[in-house]
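Each of the next two complexes has chain A plus one other chain: chain B in the first, chain C in the second.
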Partner chain A sequence: MREPLRFDDLILKEVGGLLVPFLQMFGVYVIFHGHLSPGGGFSGGTVAGISMILFSLVFGLGPGLRKVSHDATRIMESSGTLWYGLVGLVGVLRGASFLMNRGAGIPLGTPGRLFSGGLILLITVGVGIKVASAIISLYYLIVED
Partner chain B sequence: MRRFFALLLVMGVAWLMVLAVAEMPTYGQPNPTHNAVMERYLTRGPEETGAVNVVAGILADYRAYDTLIETTVLFAAVAAALLALGEGRHRGGAT
Partner chain C sequence: MMGSVTANLPVLIVAVVLIASYLMPLFARYRRDWCAPTAAGALVAAFAGSAALAARAVTGEVVIVHLGGWSPPWGIEVAVDALTAFMLLVLTGVAMLILVYTISDIGHELAARAVGWYYTSFLLLVAAMLGMAMARDLFNLYVFIEVSSIGACALVASRDTEEATEAAFKYLMLAALGSGLVLFSIGLLYQVTGNLNFAFVAEELTLVYGRYPHVIWVAMCFMVVGFAVKAALFPLHVWLPDAHSFAPSPSSAVLSGLVIKIYAYAMLRLLYTVFGTQFLGADLAASLIRVTLLTLATLSIIGGSLFALVQVDVKRMLAYSSVAQIGYVFLGVGLATPSGLAAALIHVLNHALIKACLFLAAGAIIYRTGKRRTVDLAGMGRRMPVTMAAFTIGALAMIGLPLFNGFVSKWLLFVGGMQARQPVVAGVIILSALLNALYYLPIIWRAYFTPGPEQEESQVEVPLPMLIPIGVLALACILFGVWPAPALALVNQAVATLVPW
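Presenting the complex of A and B:
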């Protein structure tokens, strides 16, 4: 496979390899703490997706595609949106309206704890997966000429 | 002549918009149209949604429909970009 965009540099490789896991960790942190601190699905998903862009830039598109393939982005892309809709159906199944949280009798927990807020955390995770895969697949699309 | 009518139409629509803006209450006034929703969100948000971050509470609980359609829009945009620019290649279609 042709490598369209790749910078062959020792410093970049070392720093990039060091940075990628922390970026992913930070992205997941922002997604999971969306209801507690600034952030949420959109910003955390962007950070998590950008870590894969950095990986592909530093180590080449081939290794990047081996980590997250086209099929993986496609499945994540569709399932993120689908998951959101399914979470919304929980309210319907409990006899309230679509996407209802407290009104559907879902326990909210103590505000401030990680597992609180009912459906908000599930929704945020779905949005995060969706945004991360959107960023990655758009990058693949642009780079793979 | 067509240009004249087009200009007349545009000016008429603009006049209607200016009328609508002139009818709006002054910004920042103690007016329920501006402040009731905001006060409800800020004072009762953590209690009603369980989220300390009020922005997340609004996005994912009060305005969950908005975020759902927002996600769908993003999905449609990415799907259209993939469809138009490169997806056929991976399925063995015409390049």
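Presenting the complex of A and C:
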């Protein structure tokens, strides 16, 4: 495959390789603390997705695609949104309203703790997966064209 | 649980279609033959749900859902009254028939890898339109407007030819312009009222109208122009002919039959329930906006027909005819009388049926013979008898002959024009019927009475799964022509709830 955008540079590779795991960690952190601190599914997902863009820029599109393939982004995109819809249906299944949280009898936990806020965390995770994969597949689409 | 399903039915209708849309890319990759049945199943479920809602709404009941249990003005409100139920039935019913046609046709029109994405955008578009019909919140409405624009552009671009891409780009730009204008309007309304929920905005508007009349007038103008661009009213229609004629035939049917109507509906809903007295009032600005609507609608009816008259491509002719027909809907909205409104609404149904039937029939002819030019259709009545019969029914209904559904809406519009003391409107309707006859009748004449080329004598009817939707749509055109009572019951209920005259 043609390598459209690639900078062969030692410093870039070293720093990029170091940065990627931290970026991903930070993305996941922002996603999981969406109900507690600023940020959430969208911003966290963007950060996590951007880590893969950085990886593909530094190491080339081929290695990037080996890490996260087209099929993987497709599955993540669909399942992230599907997950959102299914979590929304929990409220209806429990006899209350669509997307309902406490009213549907979901335990909220202690405010301020990571596992609190009922369904909000689950929904943010779905949004995060969707946004991260959308960012990655957009990059692939633009670069491969 | 059954109770919560009934209580949440409006949301579930949208959710089912959306979830099916998200499943499509996965199915397209791993289980290609699951795509079509899932999509069809979702739309059938949505249609059944809409029918259940319509049965409740026709009695005057309004089904209200507060998402997540948060009540307005903080939460998102979704409601189904008679008007929304009517739109839901039209949308799901026609979309369902078009989808059945799509299943057989689409493999012929698109590359295999695009088919899964086609279903994705089709269902996304339908879900967004259903959401627009039931939204009771300005921002929610705006989000669904954007989703539907993207879905519609994707349907046009799915063809992946040069013309289709150009048409989709043009459509995308003008659709963005239209939604931008609507967003301006929403911003102004939010500034003067501090609310987004329709009922709260309407209540607040009557209080602040004296203080900020100009802001509210400007908001109303932005709203009207924005939706006029998206619904392709005459001078703003430039994107429509390309988008609707270069798209695959099922896309053309859904774009012409449903998408431009839902924007007209959204404008009607906002003008009557949000602006209400500000739109219907007697002051200069309100009357100017109504007169502008009437003028543009009249221009649309005449101009669209005149442009259609000179087209050689069947699908392009049908596209221009849509410009003319959307004029009827806007005419009814601008008349602001009960029967004018009823005519606008019933025409939404009638034109959706007629135009879907015509586009699908034209698509079937292209599918079998590849003929797109009107002059090439000679002898088609013998070669494709069922398709051509459906086309004929659609064309006669479009002209507005009695016993066909087009007559009902034109008659109501005629009466509405008389009631509003606007005899010009009545004249325009008669003139437009003549113009319609002028470009539809030659096609029918040629198809039945001009012999086609010698070597093309054999019958080449399309497969049954494509014929059934065309036939059902054609029969529906006749059914609602001789027995419009059930549709009129819903429409009259809708008009009664819209404005208490």
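The criterion applied here is as follows: the second predicted complex is superposed on the first by the 145 of 145 C-alpha atoms of A that agree within 3 Å, B and C clash if a C-alpha of one lies under 4 Å from a C-alpha of the other, contacts with A are read in each partner's own complex, and residues count from 1 in each chain.
We adopt the following convention: contacts are C-beta pairs under 8 Å (C-beta built on N, C-alpha and C of every residue); 3 or more make two chains touch, one makes a residue touch a chain.
Only a predicted model underlies this, so the values are computations on that prediction, with no experimental measurement involved.
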First, second, both or neither for A:Val127, with chain B first and chain C second: first
Chain C versus chain B, contacts on chain A by residue: B
Chain B versus chain C as contact partner of A:Gly44, first or second or both or neither: neither
Partner chain in contact with A:Gly112 - chain B first, chain C second, else both or neither: first
First (chain B), second (chain C), both or neither touched by A:Val92: second
Partner chain in contact with A:Asn101 - chain B first, chain C second, else both or neither: both
Which superposed partner A:Glu77 touches (first chain B, second chain C, both, neither): both
Contacts of A:Gly34 with chain B and chain C, given as first, second, both or neither: first
Shared chain A contacts, counted only where both chain B and chain C touch the same residue: 77-78, 81, 85, 88, 98-99, 101
For the chain A and chain B complex, residues of the former touching the latter: 34-41, 70, 77-78, 80-81, 84-85, 88, 98-99, 101-102, 108-109, 111-112, 116-120, 123-124, 126-127, 130-131, 134, 137-138, 141, 144
Interfacial residue positions of chain B with respect to chain A in the complex: 46-53, 55-57, 59-61, 64-65, 67-68, 71-72, 74-75, 77-79, 81-82, 85-86, 90
Touching residues on chain A, where the partner in the complex is chain C: 71, 74-75, 77-79, 81-82, 85-86, 88-89, 91-101, 103
In the complex with chain A, residue positions of chain C that touch it: 1, 3-5, 7-8, 11-12, 15, 18-19, 22-23, 25-26, 29, 65-69
